[in-house]
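Next, two complexes with chain A in common: one pairs it with chain B, the other with chain C.
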Partner chain A sequence: MTTALLLLLLAVGAYLVAVIEDWTTSGRFRLAAPAFAALALLGRESIVPRKSDRVFFETAPVLLLISALLAATVIPLTANLIITDLATGALFINAALVYVLVALLMAGWGPNGAYAMIGGWRFLGQLIAYAMLIVMPITAVVMRAESLLTTQIVVSQAGLWNIVYQPLGFILFFVASMALAFLPPFDLTTAKGELAGGVEAEYSGARLAVFRLGRLVLIITLAAAIVVFYLGGWQGPWLPPWAWSAIKILAVTTMMLLAGRYMPRIRETDLLGWCWMLGIPLALLNILLVGLLVLVLP
Partner chain B sequence: MILGARLGRPSKLRRLIAAAMARDLTTFLIPGPEVVRTYGLDVDAAGLKVVASPRHASVLLVAGVTISPALRDAAAVIYAQMMRPRAIFALGAGELSPLPTADVIAGLSQQGLIQGVRQLREAFAEGAFRPDVSDFDAPILHVRIEYTCPMHPEVVQNEPGSCPKCGMFLVPRDVQVKSSHGHHDHTHSQEHQHHNVDHDDAAVEYTCPMHPEVVQSEPGSCPKCGMFLEPRKTRAELPADHHQHAHSPEHEGHGMAHDAVVEYTCPMHPEVRQNEPGSCPKCGMNLVPNETQDAQTHEHAGMDSATDHGSMDHSGMDHEDMAFMSMVDVTKDLPRSSDGLPMEWIDAPFGPFFPGLPGGLLLTLTLDGDTVAGSAARPLTNNLDLSQHPSTDSTSFIEQLAGMDPLAPIAYRLLACRALENAAGLDVPVSTAAARIGALERERITSHLGWLALFGQQTGFNWLMQHAASLQLACLHADVTQAMVLKPVMQTLIKRLQRTPLLKSRTEGIGRLTADTALRGPVVRAAGINNDARSMETTYTTLGFTPVSREGGDALARLHVRLDEVSHSLALIEAAGAIELPALADIGDVSGTGEAVVETPRGMARLQLTLERGQVITAQLETPSTHHITLINSLTEQQSLGDALVAVGSLDLSPWEIRQ
Partner chain C sequence: MSALQQYGLLLGLTLGTVGFVLSLYMLARSLAKTRKEPGKDVPAASGQLSRDPVWVRYHARYYGYALLFLAFDMEMAFMYPWAVVYKQEGLVALLDMGVFLAILFLGLLYGWSQGALRRQ
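Right, the complex of A and B next:
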């Protein structure tokens, strides 16, 4: 029952992400536009390119969707509204999302096209950049909660949200999440002006629809993870817990989608260089600071 | 009804889907968004969504009349890659073949566009699915398969088989049947061709994977173990002692051998090279060893196992996992690019309708992973024939030149007028000269805004793309008062760009050029040279024109020069006080020669012509992009793909004005 409800909510959430994304790119707020776009995609031909690696080509969009769905299973919307409150929840999010890389590499290799293949390679480099910045901030969050349970992480923020307790971790995790969801300015793998769509370029019709759905679910899942780790999850005054979760998740989603609109795409070398030479030392500093705070504060 | 309908009998569900498709029309623009905008068309406002890949488009919009046969062929390839249901929407276009007849034809205006979109929606709602559909076919789409040897590119035959030189299996590749072109225009084509590495000076010898001491010049089997010998390359003039090294420890994973001549280079700064290990003086990273050109010929037998990776002492561990053909070995013979990662080389076409480059330009990049190992660029646009057979009268000559380049029609109209006036000995009144300058400067602004929009599109800077595009459309036919209204908006745009995050790191140091006589316009002024044809014109000096330049010579400096020029052009329009399109008074039956120079938005263009009794008999045109396109090779060499595209884009080439 809870699972069905959460999957339904996830579908609604993904749809809203599509509406927000349409609004941030076109400047128009159209509630029906994603529905038309999805129907049109389903009605269009979906071909498999010549000389493609059929298994990879077919699997990649589904794998992307599954990877995002798996991560969503450990996200609590209220204290009880969670598919499975895994004892290793915080780690599980990270583990599930590793398959995003696999899916994108397969989508890049599968169609046997130059643009797609470069897109796939680029994401491999991107993983090397963002991966540590996903894990290390989570470590600091877990240190404070003294638990890997995502529900316990939310409860640990009752007095003070992590965004105030460890702002450095929040910034790093937010940026790394955008890179993981290949949102602009980290859309190196689907770059329109550089790779004509990259890993998406050869997908069409129903397969493209699944790929895009997977991406939307990935975005909303990551936004929800940010809310759970840093924004106190369902906690808040006056409104019921589910409403707080919804408001926070949509606000974070909007921020993630809006940020890339106002800057050019990052260079790969810069992304790698900054993540390793600046991001990782900062993440270590964050762990150190949180460790000290945990010791000092009662 | 649309020609490219999808096969299927109409049903309730299909009608619903067709209705959704009619609401969600995605389009791919021919020749490109920047050209479409110069016709004053706002595709977005008309309800069409522009997409980057033909696979995602349902409407192919062809705009304008100057579509060359080569571009039409390329458009046919694009159309063939679109998914059904698909439609062709021609806006003022003439001949479209080999594309099929357009489903909707409209005039080249915003009204025509809006009307056409309405018709398209109806056509999709009614005829997206049809029980009878026909295939699209064009000569350009025909490919036949031929077989070639991976080691000997000169071996080509129509049947599969083995190479007469080395005995390797021949590999299939696609060739276009249409021979009249002799080039591949397969934009977005799915196949990537394996690059044939040319080792002119290399000979092939055969060696056993297990016994490197066995080396012979013919294929055969190993006398010690009976395995097939494998071909490998060696440089003929080198002493054949290289096989001695076969058992020495190797760091195959890093693409180097300890016993070879090694030099050390920074992974981030390929220009840093030294003979000892150490750290990079620029970024402090540890230098990585890199085989020099000579050392690369010290090839080892091709089957060192992948277990070598990272292990320092493994002399005894070579040749394990014999069945495993590691990527390291496969790529051993390939030249290395600056990032040191050897990868399979692929030739990828970027253009002639690539979303991040000017439409009509075909850029072919040889990619080694993400690094550009080589490039070739050429325009597929019509090359206007100025030899004038038979001779042309002055009016149609002006129209011809003005219609040549959709990205700078006014500049070339002015150039033609000035050259004709010069030949006829006519003087232009001061007020007219100033008003012409108003028109030329307005075009400079719209051209630079169009470039900004293209730059925004290339780098995924959406806000810039939309904002610059709408400003360009607003400024296209603006009079002086309207231009002054737009002035604060443009200044805000310029200010905003100066504090945009990531913009500096995206462009700084990219596409660096040193001042050179071949450079023109903003490109040379960004390299610190005050070279501007306008500074020699008295009309400009009286309007208060002072040329500007910037140091740097990179993409960032070119961006800033263009932004500066937008401000200065606004000031010039204000000073000129009028905007008037250049027109020629009746020159009568004069004869003579004339020459004129105009600083177009891309740089100085020069026209020389001969008049005979009022008819143009010869003309010679020199344009800035003709010079700039030759720079592409050096600008993109060993750059990462993203940087290479920014470097090419920063030149602001107009393929339409390139003279071959």
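Right, the complex of A and C next:
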């Protein structure tokens, strides 16, 4: 029952992400646009490129969707509203989201097209840049919560949200999440206008619809993860818990989608350089600071 | 829910997603058929087949980072159990992992000084 409700909420969330993304790119707020776009995609031809690796080509969109969906299962909207409260929740999010890389590499290799291939290899470089900035801030969050349970992580922020307790971790995790969801300015793997869509270039029709759906679910999942890890999850005064979750998740989604609109696309070399020369030292500093705070504060 | 039931549910969701995607494909097929026409299935490259084969070996120019990444990724596997028991163990845990992380960080600095952190 909870599972069905949460899957429905996830679908509504993904739809709202599409509406918000449309608003941030075109400036118009059209509630029905994603539905029409999806119908149009389903009605179009879905072409398989010649001499393609059929297994990789077919698996990639499905795997992207599955990976984002599995990560969403361990994210609580209220204390009880969660699909599986896994004992290894915070680690499971990482484990599930690594398959985003696998899916995008498959989408790059599968169609046997040059642009897609470059997009796929680029994302591998992007993973090497952002991956540490996903796992290290989560470690610091776990140190405070003393548990990998995501519900426990939210409860641990009752007095003070993690965004105040470890602001450095929040910034790093936020940027790394944008890179993981290949949102601009980190959209190296799709790179509209430069790679003709990159890994998306050879997909059309229903397969493209599934690919885009996977991406939308990925964005809403990451926004929800940021809320759970740093913004106190369902906690807040006056309103009921589920309302707080919804408000925070939508606010974070809007921030993620808006933030990149005013920046040029970053080069892969620069991304790697920034992440390893600045990001990882800062993430280690964050672990040290949180370690000291956990010991000093009662 | 027991752990086994939870993982069973996750497996069910995975299979359910595959089923959902297949039903979407069937819906799409009932809406419109893909017509087979010459030249339609050429990968995006200005409408021509690319001159060179695509499935070849590429120079991964980030391999310096990739090697460091392996070391850091292994280290993270130790960090999670450590983080859970950190508060109970107290200062000892901080010092233990501090020494480990300091050595790793020195490794990063050494790699940096040797030019591992640049496009090769």
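As a convention for this text, the second predicted complex is superposed on the first by the 298 of 298 C-alpha atoms of A that agree within 3 Å, B and C clash if a C-alpha of one lies under 4 Å from a C-alpha of the other, contacts with A are read in each partner's own complex, and residues count from 1 in each chain.
Everything below uses one rule, namely that a contact is a pair of C-beta atoms (placed from the backbone, for glycine too) under 8 Å apart; a residue touches a chain by one contact, two chains touch by 3 or more.
Treat the numbers as computed from the prediction; the structure is a model and nothing was measured.
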Scan A:Ser46 for contacts with chain B and chain C and give back first, second, both or neither.
-> both
Quick one: classify A:Tyr262 as touching chain B (first), chain C (second), both or neither.
-> first
Can A:Phe36 be said to touch chain B (first), chain C (second), both, or neither?
-> first
Identify the partner contact of A:Pro185: answer first if only chain B is touched, second if only chain C is, both if each is, neither if none is.
-> first
For A:Gly113, decide between first (touching chain B), second (touching chain C), both and neither.
-> both
Touched partner set for A:Thr73, first chain B, second chain C, both or neither | second
Is A:Gly197 contacted by the first partner chain B, the second partner chain C, both or neither?
-> both
Partner chain in contact with A:Thr25 - chain B first, chain C second, else both or neither = first
Residues on chain A in contact with chain B in one complex and with chain C in the other?
-> 42-47, 49-50, 111-115, 117, 121, 125, 196-197, 201-202, 205, 268-269, 273
Using the touch rule from the top, collect the residues of chain A that touch chain B in their complex.
-> 25-27, 33, 35-37, 39-40, 42-47, 49-52, 111-115, 117-118, 121-122, 125, 184-185, 187-188, 191-197, 200-205, 208, 260-270, 273
Hey, which residues of chain A end up touching chain C in the complex?
-> 3, 42-50, 61-62, 65-66, 69-70, 73, 83-87, 90-91, 109, 111-117, 121, 124-125, 128-129, 131-132, 135-136, 139-140, 142-143, 146-148, 196-197, 201-202, 205-207, 209-210, 268-269, 272-273, 276-277, 280-281, 284, 287-288, 291-292, 294-295
Complex contact set, residues of chain B against chain A | 6, 14, 16-18, 20-21, 23-24, 44, 49, 51-53, 55-56, 58, 83-85, 128, 188-192, 268, 346-348, 354-356, 367, 369-370, 456-464, 466, 500-503, 505-506, 640-643, 645
Chain A partner, complex, touching residues on chain C are 1, 3, 6, 9-10, 13-14, 17-18, 21, 24-25, 27-29, 31-35, 40-45, 50, 54-55, 58, 60-62, 65-66, 68-69, 72-73, 76, 79-80, 83-88, 90-91, 94, 97-98, 101, 105, 108, 112, 117-119
